[in-house]
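Going by the order they are written in, the chains are A, B and C; count residues from 1 in each one.
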């Protein structure tokens, strides 16, 4: 298979405009003859569903939550980037493009990233018109703040809940189309398979999560906007229900999965407190502007942090990176926290945490100033841990936060299956090996509002409007297969709970395919995952039946997919014999423990093809060409 | 349905009627209280009887009486409709509920308080209004004219301890009803502003104490003066 | 025990939980025991422990809604010990932690109770009525593209902040659950106020409020009597002022709009 990224010709800055002119259009009167399925209603899904319906297509939108407004985009805190240059500080489309490519450690596609930067400005206009209450200055104009990986202030924000406000904007646009009857919304409905007719994506099979009803839905094209797969690790900042099932089942039907090993570990999360822990909570990265990260110098120092004198503390980020100090990028901060804990200098009862200390800034600026800046975050920390960060240092530890990898898509966001598109975190396209802060929201909305509405028309214009009925054998066959899968799970009647398996998988992934990886560990992990998967299918315990709200059954199906995806992540990490961005192979580092890229051999997208249960996945490479930026080694010394 | 009936059968429209009639009734309370303060004049009831005569015969007052009655009827009718509707919203009750942790007792019990006030009102109307209008009280000459001696009816009624008790309880219920109702009416009318709402709330609290206290003072005054102290 | 807090001893608790097989069937309270609950656990993690126990015994686990577990998605609910989202103010159930309870406590857990929120199973209720109210008008009618530059219309910071305060609603339904009248006015008012305050939303303000209130009534929610339980129990602190604004918007709209 030759991967054709379909990048348009011409200079970088003109590619998207040229492409928009060259794509075929569907006549306005004909749009109503085409049906589009959108799975997932986060930023990427809701924006796409609303916009496509506005254009005149018939849209069916699906989400597993009870309302489209609950998709996990809602939890994003920090902000959304856009090259508006409202601050007059030298920002431009090219600078946003450059920062994103560099931040991604040169493993993203230039043309896609440039387009992202271009449409970023339209996103802000659109959101303001929808009534999104962004932060404003006293003069009534929009406020900006700076974020990691950039030297300009280009981040628009809505206090600590930018994600919720942007999603509510997209949700309101979606609601308007639901009211018009152009979007049919299916909440509490999960996609369990993709249906292909004549080699094209023509529909999906779903299960209603309350009644268990398994249904077929037919369309001319299918968009997956189902988010990332961070929950492979069991513990992550993802929502409890976030899952990879839709994307994985599409992968099994032929869509290639790209760069699965690129996962982002966020450095400032509240640490795990015990085995019962179900989820990790992110604390905004902005805390590192004023907090100082440290651990005791001595191994096994169990004193109260306030009793440890200054000269017995190791402010390891300030020591190792004097120029960036506590503000090094996410991957560097995370890895160093892990190193300190590996040395036995971690803090708290689990010893898997480092201190983030605000004593200095409180002394310097006073409690009031600090509480104005970080009050909400301190409150949240206290709610969860019961500790007061004004009087004792916070404990933080890195946690899985975002997955840069995902379904491989071309410039049109189409996967390797004709008619199947992937948008937002679900695809791999824009963030390379590491995503910059405030760029996930940008990408989700860019894909949904401004990219897919153009590119999907090009595909639809070239296909007949005739519908495929759900009585078609392909649908019946897929339905039968889904039912068989469900029955298979229900009939195992084993002794171990689904969560038990999920936690076990999470441990393997975190220990061997987490912040630092090596060939030996990865090979071990691969064997362990296979064993675990085998055991799962023999011994998982599910009670109840399909025809009811059966939470255990839902989880079991998702974990079954994670058990396969986890192995592919390990394969990908093993294959990539270099360190870049979120992928750190211990064998490939500089003497100062920094990531060592291998541009000569690994400047490619690793896209994996599914070849059958327990069969080795086949690697396809899409070479990355950098014509507009120069590849450099990152240094934060 | 016309926009008008649609508006006034909506949840907000009905509340609006309750609020408007409630505020109207508040204004009645003020007039009624001020007029009845003549009882304290210590002139053997002369002013009170002249005032009563005026109230019973003046055509404007008689017209307003009808408006007042309609005010009561609307206030009660709309409140009953809303309460019944609200009750039906929760067909299965909570097994364990602690509303006292999130709201005032009076706010949650306006229906109960209103019912107590209504019972009081019926007794009150029967005893004074009915007897003044349709009964045949004794006549008393004041400055050469014969007046109904309602003053004596009042004084004698307030010599009965249980009657005084009914009045005092009725006024306590009124106080709680007003404590919620007064500022709540402004809220329902959408009259809320950072600058003025605190003042409205303070005045509402003041109103809910002073007006019922003024009314309750009348039975207590005569009971204490004529029964307890003599 | 997680951090440096030495006073965290495991707890044993008695749980009284509403069990109901599905929408059609009748439900009842059941009593369960959970042991060794760490005070560091969140309330929902305590529920996870219970469910793992039940599952191992072959008993159907208790169904409850939850997703983000960081207090923003609005999916978690639960009426805990007589309070929406439990005893702590300004906190969703997922952010409530077990250190707020004591060893030996009995905790009563019920679903949101309101006619428009039918129970689907155990503690899960159907809140789609709230979505339908939003669909009736909780939006600004602009299509994607063709909008003015974001800085073309300045909005005074004070107004933007106030609109933001209203926009923080997470649509969890605690206001309805806590209200004696089962009224959804706080929820509806939050959206109406947010959009009525912003210049972009003013264009459709009259039609919006008329339609959203009509839908709210149609769904069968109760009428607000200004009790204030809703705002007191709102996990994100939506203010009662919004209800006054909704009333104002409604009165203004219904008497002056062109919709007859």
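Convention: a contact is a pair of C-beta atoms (placed from the backbone, for glycine too) under 8 Å apart; a residue touches a chain by one contact, two chains touch by 3 or more.
Just so you know, these numbers come straight off a predicted model, no measurement behind them.
Enquirer: Centre to centre, using CA atoms, which chain is the farthest one from chain B?
Expert: That would be chain A.
Enquirer: Any idea which chain sits dead centre by C-alpha averages?
Expert: Of all chains shown, the one whose C-alpha centre lies nearest the global C-alpha mean is C.
Enquirer: Taking each chain's centre as the mean of its CA atoms, how far is chain B from chain C in angstrom?
Expert: One centre to the other, that is 38 Å.
Enquirer: Could you give the separation in Å between the centres of chain A and chain B, each centre being the mean of its C-alpha atoms?
Expert: Roughly 63 Å, centre to centre.
Enquirer: How many angstrom lie between the CA centroids of chain A and chain C, rounded to a whole number?
Expert: For chain A versus chain C, the centre distance works out to 26 Å.
Enquirer: Can you check the complex and tell me which residues of chain C touch chain A?
Expert: Within the complex, chain C contacts chain A at residues 1-5, 21-22, 38-42, 44-45, 48-49, 52, 55-56, 58-61, 63, 65-75, 91, 95, 97, 99, 120-121, 124, 126-128, 130-131, 134-136, 138-145, 147-151, 153-157, 160-161, 163-164, 167-168, 170-171, 194-195, 198, 200-201.
Enquirer: Going by the contact rule at the top, pick out the chain B residues touching chain C in the complex.
Expert: 2-3, 6-7, 10-16, 82, 85-86, 88-99, 101-104, 107-108, 110, 180, 184, 187-192
Enquirer: Where on chain C does chain B make contact in their complex?
Expert: Residues in contact with chain B: 16, 18, 29, 79, 81-83, 87, 108, 110, 113-116, 178, 180-183, 185, 213-214, 216-217, 220-229, 232-233, 240-241, 243-252, 254-255, 259-260.
Enquirer: Going by the contact rule set out above, which residues of chain A touch chain C in the complex?
Expert: Against chain C, chain A makes touches at 47, 50-51, 54, 65-70, 72, 74-75, 84, 86, 122, 124-131, 133-142, 158-159, 161, 163-165, 168, 171-173, 175-176, 178-179, 185, 187, 210, 237, 239-241, 271-274, 276-279, 281-282, 304-305, 348-350, 380, 383-387, 392, 395, 449-450, 453, 497, 499-500, 541, 543-544, 548-549, 551-552.
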